[in-house]
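Two complexes, one shared chain (chain A), two partners (chain B, chain C).
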Partner chain A sequence: MTTPYGAELTDVTVTYGRGNRALDEASFAIRPGTITGLLGRNGAGKSTALALLAALRRPTSGSVRVDGADPFENAVVMGGVQLVREAGDVIGDSSIDESLGYYSELRPHWDSEYAFALLDQFGIDPSATPNKLSRGKKSALGCTIGLASRAPLTIFDESYLGMDAPSRYAFYDALLEDYTEHPRTIVLSSHLIDEVERLFEDVVVLHHGRAVVAETADALRGRAVSLVGPTTAVSKLADGRHALATRSLGGTTQLTLEGSLEPSEIALARDAGVEIARVSIQDLFIHLTQETDPVSADPTRKAAR
Partner chain B sequence: MTATVSPVTARDQEQRGFSTSAFATFVGTWQIGLYFWIAVVLISAGLTVVLDTWSELDGSVAEGVLGSAPIFLSVMGIVVPLGMLPLHLAGGATRRSFVRGTVTAAVGLGVTFALAGAVGMLIEYAVFNALDWPTVVDNPGLYDSSGDFFAIWLSWSLSSIAYFLAGTAIGFGYYRWGGILGTVQLVVAVGLVIGGELALGGGLPSGMFGELFDSGPMPLLVGVLGCTAAIAALTYLVHRTLRDIPLKSGSRAAGC
Partner chain C sequence: MFDGPEPIYIQIAQQIRAQILSGDLPEEAQVMSTTQYATTFRINPATAAKAFGILVDEGLIEKRRGLGMFVASGAHERLLDEHRAAYLDRVFRPAVEQADLLGIPRDRLVAYLEAHPSTTSASALAEGEIR
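Let's look at the complex of A and B:
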């Protein structure tokens, strides 16, 4: 039984090369024993933030704490953090068995039986070499390593993008099942937000190297509501409020409004035949990361893109 | 929330990282090394037959061919640790344990490769003696005949360790510091290897540079201490390069 690790980044800046800031005074916390979604557009700093948690590098400035301690070269903390980068770190031209053997030697909570069961489930031959696997199978191998490590802080950084839909859903199911049986802290970084948001208990959104959201998934979903119904009724309800997105088809409009509705507004909406729905995290993510995006703000650049 | 692992477990973690790294590097290098040894034995035997046919056999053949083992180890010193580091760190082990494991593996590989080479030389010595062929070596150092088993073993052990560590320092030098500083590190590492070889006498660098100094073979103790100092300097170079090396986002374990 492991105690899940929490983690915290405080005012962390990471600079590459000549002043290129991957993280810019980013601050956020990851609660122990939760599944946290780390979201961000390409280049937002997700992989850099995760590499800091796994002690793959040091920050240029700021503080990184995992289980209350600086993880860098901390044998105990590093032994409890498993970062799976894309398809996982394995020896490409040796058998999968050998790479898993390396992990089993290093990882105190490694479950070999579970690892081989997962490989079997994903249709991967342990005697094969990773270099000869398809991209999807490589991703599945990385996911297997992450799950079988049973690390108190397990991080999947775009680990399952190459997998086909049935394999991804098999992974999500395996993740939830194993998380329930062996509680730990899990961080998922993904662009497939619609697929994985059901797993999130907390969400951190990075944008231009800064954390623009770090809260529970329910609190984030509560930031907006979606109204669907006759255009006139929806427009009336939206009057004077900030609309995040609008879609119309014939006389029906779907409108995403910032903030929540008062009970009286909810009653009005129902009387007018307007359905009220929760907004998906993906819709909110798009809104949160577009409004400050100069490319999106400039229609000419958007068209050129 | 508190850490749940005691300091004893921290030591266990370090030990686990050290032994896994050392074992994997040692075994991984030997797995490829077996092909190397098969090749050099066949080349030595073939070359001996050819030289004898042309009546050009004037000393040990194996010294030149088996003596390439340190060069092989320097290549493996670049490739194997560079490929292992991402896996090691992803497995949750420290750079500290990786350095200790790599240096230990370098010593183990140096000693065992040198032993294999010295045995090969001894076999050649026995065959050449039986056929009344000369057994002298081209560049006498700690040894001057293919039959000086222990001197060959000692000399090749030290130079093989130095070559492997130099390879590691060069590989990680380019990985970490880039082209310019990586080349500076290469020059330093190669300089240390040549210094160690000159101290020991024998080997390729002594053949190339020995005449420049014209000092002749050094006393055993001085030679061993000189090469040991070069190994210590290379170990420091490896440690200095690796102790806080950042893992690049695109880097993968060997072949990935």
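Let's look at the complex of A and C:
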């Protein structure tokens, strides 16, 4: 039985080249035993942050802790950390079998039987060479390595983007099933937020190299609520509150409100014929990482769906 | 599914309560495990566990070591009682207050109810109370 690893970045800055900051005093924690979503737009610093956790590099300044220790050149900690990048780290021109053999030696909790069962499920022949695989199969191989390593900190850095929808869902199902049987810390970074948001217990959002959100998925979802209904009723409910986005058509208004509604307000809204729905993490993400405030910049601009 | 404004675990708990109330989940029936629930609906297992925790605290489902989770005996009746009480409060209290205001005596209300026997079956009424 492994103990899931926690991880923490404190005031971490990573500078590339001439002062290009991939991370800019970023601070966030990953709670042990959670499935945490790491979200961010292109260039927000996601892969850099994950590379720090996997000790592929050191920060320019600030501190990185995995299971309480600096992971860099730390063999004890690193045996328990598995980072899967999209390409997958395998030997391209020798058999998959051989690459998996190395993983079984490097990863103390490696489950060979499980690895082959997953390969079979994804339709990958273990005697094939990774270079000959399609992009989707390469991704599936990476996911297989991530799952079968059963590492106390397992990181999927957009590992499954090359896979088609049925394979992705097969991966999500395998992940959930194996995670409940073998609890560990899992970090998922993805652009397919709608697909994965319900898998998350915690969410970290990076924006311009900083963590702008690091909280539970429920707390994040509680940041906003969507109201749709007769304009007068909606405006009355929204009175005195901050609207993130508004859209009106005829007498109907769709409003995204900051904050949540009390049960009494929900009942009131329903009586007034106003439909209340949650705002998806994807929509919140779009709002949080927008470069300009859509409300003040252009009130007619289409709100995040 | 689970698109309401409440947190997902509360929506799951509500859904299971509704299934117990409607009889879709009869007493003593086994409830899906956290793993089954998480994989079936593709949600975080901690979210499912939180929902089950609420229902266990309410005494509606019970854990049997090594076997799984089951609908507690008496759960259906208890939910029905709660809904009956809520129904009376929501529908009858304002009706009675209004009747008092208009000076309609209670015995006339009773007589009215007796003169208007139910045209819907009891089960259909209970169904209507689930939401």
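Everything below uses one rule, namely that the second predicted complex is superposed on the first by the 275 of 305 C-alpha atoms of A that agree within 3 Å, B and C clash if a C-alpha of one lies under 4 Å from a C-alpha of the other, contacts with A are read in each partner's own complex, and residues count from 1 in each chain.
By our rule, contacts are C-beta pairs under 8 Å (C-beta built on N, C-alpha and C of every residue); 3 or more make two chains touch, one makes a residue touch a chain.
Source: prediction; values computed, not measured.
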- Task: Using the superposition on chain A described above, determine whether A:T144 touches chain B (first), chain C (second), both, or neither.
- Result: neither
- Max touched-residue count on chain A (chain B vs chain C) belongs to chain B
- Item | Which of chain B and chain C A:R221 touches, first, second, both or neither | second
- Message: Under the stated touch criterion, which partner chain does A:S167 make contact with: chain B (first), chain C (second), both, or neither?
- Response: neither
- Task: Tell me which partner A:R85 touches in the superposition: chain B (first), chain C (second), both or neither.
- Result: first
- Message: Going by the contact rule set out at the top, does A:Y179 touch chain B (first), chain C (second), both, or neither?
- Response: second
- Message: If we overlay the two complexes on their shared chain A, which of chain B and chain C does A:I35 touch? Say first, second, both or neither.
- Response: second
- Query: Between chain B (first) and chain C (second), which does A:V76 come into contact with in this model arrangement: first, second, both, or neither?
  - Reply: first
- Task: Report for A:I266: first if it touches chain B alone, second if chain C alone, otherwise both or neither.
- Result: second
- Message: Touching residues of chain A toward chain C in the complex: what are they?
- Response: 34-35, 169, 172-173, 176-177, 179-181, 198-201, 217-218, 221-222, 225, 260-261, 266, 276-278
- Item | Partner chain A, residues of chain C touching it in the complex | 2-9, 34-35, 38-39, 41-47
- Using the touch rule from the top, collect the residues of chain A that touch chain B in their complex. 2-3, 5-6, 32, 47-48, 51, 54-58, 67-69, 72-85, 87-94, 99, 102-103, 105-108, 129-131, 145, 149, 151
- Message: Considering only the defined contacts, which chain B positions touch chain A in the complex?
- Response: 1-5, 9-11, 13-14, 16-17, 19-20, 24, 28, 83-84, 86-97, 243-244, 246-247, 249, 252-256
